[in-house]
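Below is one structure, written out as structure tokens; comments come after it.
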Amino acid sequence: MSTLTTGVQSVDYTAIAAPLIVAGLALLLLLLDAFLPPARRQVTGVLAALGLVGAAATLVPLVGDRRQTFCVPGKGLVLPACSYAVDDLTLVFQALVLAGALVVVLLSLDTVRLSRIPPGEYWFLLLASVSGALTLAASRDILTLVVSLEVVSLPAFALVALRRFDGRASEAALKLFLVSVVSTAVMLFGLALVYGVTGAVHLDRIATALDAGGRRDTILVLGVLLAIAGFGFKVAAVPFHFWAPDTYEGAPVPVAAYLSVVSKAAGFVGLALLLTRGFAPYADIWGPTLAVLAALTMTVGNLAALRQTRAVRLLAWSSVAQSGYMLVPLGAAGVGHVDDVLPATVAYVLAYAVMNLGAFAVVTLVGRHRPANTLEDYRGLMRTEPLTAAALAFALACLAGLPPGLLGLFAKVVVFRAPVDRGVGWLAVVMAVNVALGLFYYLAWAARLFTRPESARRPPSYRISWSDGLAIGITLGAALWFSVAPGVLLRWPGH
Amino acid sequence: MNVVEVLFGLLGVVALGSALLVVTTRQLVHAALWLVVALGAIAGCYLLLSAEFVAWVQVLIYVGAVVVLLLFGLMLTRAPIGVSTDLDGPPLQKVAAAVVALGLTALLGVASVEAFRGDHIGLAHTGRGSTAATGSAVFRVWVLPFEVLSVLLLAALVGAIVLSRRDIGEDDR
Amino acid sequence: MSHWLIPLLLAVPLLGAVALLVLPGAVAEHVATRLGVVVSAATLALSAVVAATAPSTNVSWVPELGIRFHLGTDGISSPLLLLTAFLTLLCTVLLLRVQPEALRLPALVGVVLLLEVGMLGTFVAQDLLLFFVFFEVVLAPMWFLIAVWGDDKVPGGRVRAANIFILYTLLGSAVMLLGILLIGLRAGTFDMVALTARAGSGLGHSTQLLAFAALAIGFAIKTPMWPLHSWLPGAHTAAPTVGSVLLAGVLLKMGTYGLVRIALPMVPQGAHTFAPFLGALAVAGIVYGALACLAQRDLKRLIAFSSVGHMGFVLLGISTLTPVGVNGALYANLAHGLITGLLFFLVGAIKDRHHTADLELLGGGLYQRMPRLGALLAFAAVASVGLPGLAGFWGEMLSLYGAFDPGADLSRGYYLVLMTIAGTGVVLTTLYFVNVLRRVAQGTSFQVWRDAVLLRDATTHELVVWSPVVVLVVALGLWPGWLLSASDPVVRRLLGMSG
Amino acid sequence: MPLLMPVLLATGLFGIGVYGVLARRNAILVLMSVELMLNAVNIDLVAFDMWWRDRLLAGQVFTLFVITIAAAEVGLGLAIVLLVFRNRETTSLDELTELRETVP
Amino acid sequence: MTAILIALLAPTVAAVVGLLLGPVRPRLVVPVAVAGAAVALLAVCVPALRLVAGNDIVARLHLATVPTGAVPIGLDLRVDGTAALVAVAVACVALAVQVYSAGYLRGDPRYSSYAALVSLFTAAMLLVVVADDLFVLLIGWEVMGVCSYFLVGHHWEQEGSRSAAVKAFVTTRLGDVGFLFGIFALGHVFGTFSIHRIVSAAPEHPGLTIATLLLLCGVVGKSAQFPLHTWLPDAMAGPTPVSALIHAATMVAAGIYLVVRLYDVYLLAPTTLAVMAVIACITMLGGALAALAQDDIKRVLAYSTVSQLAYMLAALAVGSSLASTFHLLTHAAFKALLFLAAGSVIHAVGTNRMADMGGLRRLMPVTFATMTVGLAALAGLPPFAGFFSKEAVLGAAEETARHGGAAATWTGWLVLVVGLITVTVTGAYVARLWLMTFFGQPRRGVAAHESPAVMRWPLVLLAVPAALLGFAGLGQPKLHIGLVTSVLSLVLTVAGMATVWRAWTRAPSTDPTAGLPGHGLLLHGFRVDDLYDRVVVRPVRLAARAVGWTDDQVVEGAVLGTGRGAVALSALVARTQSGNVTTYLTGLLAGVLLLVAGLVVFT
């Protein structure tokens, strides 16, 4: 792809290998699909999975390293700045994105086949989006940030709509699209204002400029807040959340999983980068704002989730609520050192990815046999399909933060720490109440797995394909592993 | 007040006026045409701001491609020529829209005035907006987003095509 | 010391439960109850060893958060450990013959064993997070016990009762978690031993207040403290016998144990500020529980309300912040576990036979129909009213004694008022228990029951299950020193007083 | 030229765009309104670029990118609108409410 | 001390064995129970005999120390002279009752539990007697209470028994709460719960009014003194032997005994002594008056017990523990005798109502003779035991009235005057009982018969101390029997008797006191029960109902309300999710506007 390098910017291909591979793979699969006979097109999915593993492998040599590329030289007082940087944060998120995408790919294999979704285009769009997420995690200027964010989003619109004969999918895509573009526009306006005041687009330069600036406070406050909007949409924070339940419900379940995990993680890393690297000096402004957003988000998400009867919709609201938890550390950033809140958010995003994908994996599987995918369809699943039921129960316990789902508990502990340490007590209290609220619907669902099915409804019973089994296995294994050794979540390099 | 400023002011009024018509007209096709006017006026503004390349791109891509696309879209959705009454939401929605829009505009406007009052753009340095300068910047400094943008465009292209193709999936209903 | 002993103690019932859930259906069905007895007997033996040797396990778990895998016992947890293992054994033995209608025995025994893991774990945990984890582990099994094997004739159904139980306790847990995190994160360690030794130093006054309030609410719901008790009657009414026994016998103790083990020593300033409120609510619970008992129709519900009253004494003792009061609270805890456990065994037997626990429907004449059951009921009732010479006395007495001379600089006059009100609670407690005996045990039987030929008196099997409890109740009543000398030094340490 | 001229123009356009997004119910008109918002951004970016005399020309380049993004969005967005129209025979946003919360 | 331990354990073991054996070997129940009591009697005789031999017999036994976190509790026993004598009395009556019961309750289906409870009671009472630690005492004290509860409710088929049992237990518990608090107070002041340590340290802490008053609560409850006396007449619903043992001779006297043991503390609390005097006087006269109007023979004796216990309390109030103990012992003998004799009568006649008796003199000679002895002792006719002990009480009162002392002078006068009035009433009700039961014409067709030997012998054996025990007091130098008061009281007694006799001779078939003004009031014990019903029972019931309602409506309601609130909020959130994307966008942009505006205003 990147053939047009000039003498000015040297490119560190090792650093950008992962997004490069994924993007290349996307193109390759699109072409391959066109040339393969229809009967053998399924192989593209497997290739996609393998490619993701390969891309992940390229991250390994980067561990512990700090690399920067696409840099501009400094001049005078202005320091050099780079557009692409690989550090711990980047690596963690890239790994997360790749792993999450891998699970989504595995889950999609059967979905693509059964729903007659054009496979080549599906894999291409998915991987294109993934490459955007990978870049996003590494971008250090707002141009790259915005463009990467759009690369994550745009293919996702198409992915949601890929069941083209399904009006619900189209409707879902349209809602996602409109909310997305409006949020993007708002964000761009905000970023433009920030650029106007600071004259900089590289995050660290913005931070420097903000540190120095003084008289243009109000416009900057506006700029910073508007800029949050685009990422708020991605992470489905209230009031940017409206698309999530409708879109999740209309989209193919693996795509919903992708939106709720990979795309959301991308949103979080973008938000984290923007806020803690770029707008760090304004933490006293955006901190409380995010605290309010976090409180609203978790409350609205949990309240709405309470009344859900369909699995995917419930997960949608639950992931809104979970976003609220993830925002909590950022909400506490107004006090104390900004960087310190990052590990908490990162840890929670990681944990959330594992447990949410675990839930989605089983929901996808059940959805193949019970398209309505209501919670009642899970009644008595423990009897017919003990393994998947147990996996789902564990994932739900994790999401609830209740033993044996220690992963979720530890994640919540980590997140709690920020407001507790920084004296944002009210947020901690709101979170505690919300955790309690959340417990109810997760457990109500989990309980259904164990209760006696009504005589008229038989719980689904199925053979699990290798790909679904692998997906469930990976998520369950990760959830179990992190439950026993949660330190890994916190021990990401440098911390 | 020099000529550039006067021209800019006029073009700005045109842009704002036609934009207002875009969002208020009762004829679908008119909206598209007013959009052309607005976008054109904005292109003129770019020129006055000495951003030549941007202005041309604006004309080419927006007026040339985007609006044409939108017109196609209108036709494909069998938009009626002439006055339609169902383009706007209910009155209450319009009120809400106006309140939100005015609120945001007022806030941003006041804050902008407060922030940028007295600042002037020195337009003497022509050449910063030239094709050469801009192109050089893109390829020297902004290679990365540009490359990423290529993925974006490709994805949008593929997405648009796959969604528009009618040859697959119909039988799955 | 052998550091694997306590993990083994937890692993045995856990493995038993897992085995029952994993074994193929027919096999599991066949061995379930016997395996349950064997496993719980082994657990009891192990817990006796643990109580005797007081081993500890302490390894790092999540150093980033200051969480350790720290297990240990001392004079206040060992008795509860033994109580747990003891009651669980009795429950599994009971299940050999007396089985709920919705059979599914492997699952039932498995759930009981799982419950045991959580209960034991709560009492041996020496790390706050670990404590919380075990504290929560018990919820799910208890939910299943009620929702699957419960009595569906209760108003609203058993699932509703189970839901209210879990919802309520979960709410409490969430608030409690807030308190735990506040302490652990502010102090930088979750290690209970270290936090106890620190006695709140390093925690600001407002932190302590908030943490204590959060912890107290969490524990109070579990205990349950008036007016947060309303989950209890429903849960008890719906729960099967083993569920009720373990719920009353052990689960409620976890709340008060937590107060003593965590809330008092780790945030003493908070404790000091809130103690008068705690005391007032405790006393309100005593009187309220007793009065509510007088108004009940359902025997299980009545005993549930009696628990509210009894736990009121426990809370009163704790609220005095004196070694006497806390010793008394712990004693009352244990005694209540045994006595109310026995009561629920007995009422369960009555309900099994009559298919109702409604006082109006049962009518009188239990002494006549089933003299052995009646006599045991009378014994349990008398024990429950706190008769000196039986286990129930010492705890309540010491709680009151604590209130007579409250600790720190709590207002003496205030506590004397509390003590006096609690004293009337003693009388009311006597009143409703003798009332129960009068309505159920004394008098003559209804014709329906006289006609029902299948109404047997307590079987030998049941007597075997119950008599150890009777013996213990008497033993603890006559020899209080056994427990008090174990708990006293620990309590002094927890209250920050040197031996 | 006073910096405020383009900035206020942008602000006004942005507000008009916001109004259009909220007041219009035809999906394509909403898209057009979004384009107005994006153009507002662009005017700002160009103006600030000129004002700062940005060595990196970030504002102008950003504008180019935004234009491209806008084009891509419109392309894909129209495809989605057409898809919806194919499936539902409508482009009115308030008629697309099959996916919603059911309120008893 | 071994003897004491044996005395404690023997009945306990008998109780346990009897209870377990009962269903299996019913015939062994009586021997086991009797053996238990007999062993106990023999054992307690050991120290008593040494006392009689003139030895100092104070002995202690320390079993264990129970740490409490504050003042430790010692599981201590201690025997001294008083204890030894009271223990003998207890064991004696217990043995008598066990033997007697074998006849009285022959064929009772629940005999084994009955005998076991009596045995257990014996052990508990002995524990009270020999306890050195207040908590040990409390154990015995409460175990007695619960035995009393079960035994009163022995005939639980009958409503009367059931409610009487409840009343007895609950009322005494009420007093016991105060008692417990009193123990706390003493322990707090003295730093020990050991009775003898408290007593020896008593001079260091004079004027412990509150502590002693609290202890007095327990005494008032247990010894059925005003205002907690109402349970005792009702408790007569229990089997008569039980009434003899528990509600006449031993348990009710335990209260008095407690004060005796702690007397040094009381002596230094004059206010408490005054309160005691007032309570004693009210109870004394009130009980006697109530006894005058009862028709149930056991209720007469019950009110008489109340009245006589008040004498003991009065003795304590005027500073003579010895007189009190003396009266306690003689009362134990003659009241046990009276109850057993009354039981014999009831056994024979099949009713408690004196209106249905009469003319039994010839049919039941032994009963008649022994009961006459008992009644004479009760009335305080010389030379029967009651005369001496009662005179000792009155003498102590006179002493105080004249010379003062630990108690205030006025209390002496009060006790003396009320005591003398009560003597008159006592004479009257004794005569009434005697006449209505044994004289006149038999009122029932059924031929009454003398009771079996197993019931007769205890009567005879108890008649001996009832007649002679009084002389034991003569040697005591501290007992003061004034000649004037003795003569006066004798005259008054005879006057009371004569009045009744005259009324009776006029209409031998009717109740001689029926025409008394306020007869109804007396019959109902001054309607204290009605008062309690209105002031205590009904409010408690009302409160219970209120709490029941509150719990259903308010507390549950609050919980359900919270749930409903959450659901309502949830619906509110759901309403915003209308499916219309324009609404979503409005929400989004309005949200942005609000956030921005809020922050701008805020900063």
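Brief remarks on what is shown
Letters A, B, C, D and E name the chains as they come in the text, with residue numbers starting at 1 for each one.
The rule is short, and it goes like this: contacts are C-beta pairs under 8 Å (C-beta built on N, C-alpha and C of every residue); 3 or more make two chains touch, one makes a residue touch a chain.
Values in this document were obtained by computation on a predicted structure and should not be read as measured data.
Among the remaining chains, those touching chain A as well as chain B are D, E. Annotation of chain C and chain D: jointly contacted by A, E, touch as defined at the top. Inter-chain contacts peak for the pair B-D. Ranked by separation of Cα centres from chain B, the top chain is E.
Nearest to the global CA centroid, when each chain is reduced to the mean of its CA atoms, is chain C.
Each chain gets one centre point, the mean of its Cα atoms, and the points for chain A and chain C are 44 Å apart. Distance from the chain A centre to the chain E centre is 78 Å, each centre being the mean of its Cα atoms. Annotation: 36 Å between the Cα-based centres of chain C and chain E. Averaging Cα coordinates per chain places chain A and chain D 25 Å apart. In chain C, the positions touching at least two other chains are 167. Shown for chain A are the residues in touch with two or more other chains, namely 72, 141, 143, 146-147, 150, 154, 157-158, 161, 164-165, 174-175, 178, 182, 186, 189, 193, 196, 218, 221-222, 245-246, 304. Multi-chain contact residues of chain D (touching two or more other chains) are listed as 7, 14, 17-18, 21-22, 25, 30-31, 47, 51, 56, 58, 61, 65, 69, 72-73, 76, 79-81, 83, 86, 93-94, 96, 98-101. You'll find the chains touch as A-B, A-C, A-D, A-E, B-D, B-E, C-E, D-E.
Residues 107-108, 110-112, 114-116, 139-145, 147-152, 154-156, 158-160, 162-163, 168-170, 172-173 of chain B are the ones touching chain A in the complex.
Taken in their complex, chain D has these residues touching chain E: 18, 21-22, 25, 30, 93-94, 96-104. Those residues of chain A that touch chain B in the complex are listed here as 1-2, 4-6, 8-9, 11, 23, 26-27, 30, 70, 72, 83-84, 115-118, 121, 124-125, 128-129, 131-132, 135, 139, 141, 143-144, 146-148, 150-151, 154-155, 157-158, 161-165, 189, 193, 196-197, 215-216, 218-219, 221-222.
By the touch criterion given at the top, residues 1-9, 11-26, 28-29, 31-33, 35-36, 39, 42-43, 46-47, 49-51, 53, 56-58, 60-61, 63-65, 67-76, 78-83, 85-86, 91-92, 94 of chain D touch chain B in their complex. Residues of chain C that touch chain A in their complex: 61-65, 67, 129, 132-134, 136-137, 139-140, 143-144, 147-148, 159, 163, 166-167, 170-171, 173-175, 177-178, 181-182, 185-186, 210, 214.
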